[in-house]
Amino acid sequence: MLTITRLDQQDARRLIEGAEAHSRSIGVPMCIAITDESGHLLAFSRMDGGKITSTTIAIDKAFTAAAARKPTHEYGTASQPGAPAWGISSAIGGRLMVVGGGLPVEHDGQVIGGIGVSSGSPAQDQSVAQAGIDHWLAARP
Amino acid sequence: MLTITRLDQQDARRLIEGAEAHSRSIGVPMCIAITDESGHLLAFSRMDGGKITSTTIAIDKAFTAAAARKPTHEYGTASQPGAPAWGISSAIGGRLMVVGGGLPVEHDGQVIGGIGVSSGSPAQDQSVAQAGIDHWLAARP
Amino acid sequence: MLTITRLDQQDARRLIEGAEAHSRSIGVPMCIAITDESGHLLAFSRMDGGKITSTTIAIDKAFTAAAARKPTHEYGTASQPGAPAWGISSAIGGRLMVVGGGLPVEHDGQVIGGIGVSSGSPAQDQSVAQAGIDHWLAARP
Amino acid sequence: MLTITRLDQQDARRLIEGAEAHSRSIGVPMCIAITDESGHLLAFSRMDGGKITSTTIAIDKAFTAAAARKPTHEYGTASQPGAPAWGISSAIGGRLMVVGGGLPVEHDGQVIGGIGVSSGSPAQDQSVAQAGIDHWLAARP
């Protein structure tokens, strides 16, 4: 048997809290999704003004980052024309996201969940996801 | 043009807050989803111990209640063998839920969103969804 | 709560009317879809001679333009190899369209719906979508 | 954070080993699927003669048993016409299985995975799934 560490609901809220604060500071309302390490949704917030399409995209960015244990922007690089993972962006019914804004959440070198952000530019989305993680890390004892 | 009233993020959190409180009082951790009046996800919480399958089921109950403007348990009655809506339960790729636990959220006689709850019995799910609405109503000025 | 403005059925028909007129003037029968601001279908016309594949494509272009609040051809630019949104074209099960021909419909600076056109070249599709909007704007009091 | 116990690959093989032995003893070649506690596939065997349709059905039975923490035949009872969970069988795109043959795998009172079996009668499928669990339990120190 394996022993797995996983985000709980308090972690999930802390991640969303940090992401929302940064989202407000840059003036871009976001969709923010938190998944467990298996890619299943734990918590979600579509801030007032977040895009409808970003509902699914944020969830799928978090899913990808957690379940593939890789930031989504790294898949963006790896899936360029001629690169080894070319075409991966349509895998899993299109759920495998290669656009920046999805980050794995790690603890003791293990992926224990994912955060996915969407509605701004990919760079903005990624900075908001990182802010969620930074806030969560700062709150840990 | 039409003018539509829609839950905002504060409403969504209030609905989840009330649902979680009742969920804890009956000792059944739940998945709770809030959608806008068009059935798009606004907020979601999988409480620690909520079922994985209930992630999708809660979202789809909220979707159905909001977008069809009907409690999901009423579809349960209407879709029994021989009843008029027989077979509706597999519509929209199975997203149209006929199991209790999805309720429309109404304001001034209009549906402005939906709440969907899953992980307990359908009766428990429905009572937790109702508790979310009651709490939201009590908080309104 | 939020107050949302949304296209009504009369708006939708006016948009289609303008699009069909331009479609006939360039001799390319089109599929034309109108969605509300949440991306849900309001009205649709496959003109005699419109392509079968364009049924879905027009609907998804209107969905994308409304729900992401962005013309689909702008996603075409942003999702080129090496560009920030590379790979977005397969998101949401492939519904996020990056081919020209989808335009948001705006009123008072807010997106209140979308129009999507398909069957011609992307440039033709876009011109027909714009003609629908121009006709709708001209008819407004 | 939560600490989760999960089947590992050795457990999965042991479960399949026991299921295959019983399958051979009753002369019905089976599809056998093992998932982790989140419902994701860990191991799979379509014995020579197993049905093609049962590939998906076995996987979805294991998914349901693990992710809903309930034997699939219990959903069969609960989802009969007039029963509380009527209509649940088409949930999650039809993945929620209510036909017997899916069992949760438990350890210390927690669900740590699922086994799903298909190709025979539901009673045969269930007995083969149970044989897998019995064999796995017997092998544990």
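Going by the order they are written in, the chains are A, B, C and D; count residues from 1 in each one.
As a convention for this text, a contact is a pair of C-beta atoms (placed from the backbone, for glycine too) under 8 Å apart; a residue touches a chain by one contact, two chains touch by 3 or more.
All of these numbers come straight from a predicted model, not from anything done at the bench.
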{"item": "Subunit D and subunit A - chains in contact with each", "value": "B"}
{"item": "Same-site or different-site touching of subunit A by its copy subunit C, using the half cut", "value": "different"}
{"item": "Chain pair with the higher count of C-beta pairs in contact (A-B, B-D)", "value": "B-D"}
{"item": "Distance from subunit C to subunit B - Cα centre to Cα centre, in angstrom", "value": "31"}
{"item": "CA centroid of subunit B to CA centroid of subunit D, Å", "value": "29"}
{"item": "Subunit A and subunit B, separation of their C-alpha mean positions in angstrom", "value": "25"}
{"item": "Residue list for subunit C, restricted to those that touch at least two other chains", "value": "2, 38"}
{"item": "Arrangement of touching chains [line / ring / star / complete / other]", "value": "other"}
{"item": "Chain-chain contacts as defined at top", "value": "A-B, A-C, A-D, B-C, B-D"}
{"item": "Subunit A-facing residues of subunit B, complex", "value": "8-9, 12, 38, 40-48, 52, 55"}
{"item": "Contact footprint of subunit D on subunit B as seen in their complex", "value": "48, 51-54, 56-57, 60, 75-76, 79-81, 89-90, 93-94, 97-100, 121-123"}
{"item": "Residue ranges of subunit C in contact with subunit A within the complex", "value": "2, 38-39, 63-64, 66-69, 81-82, 84-94, 96"}
{"item": "List of subunit B residues in touch with subunit C within their complex", "value": "1-8, 11, 36, 38, 40, 107, 112"}
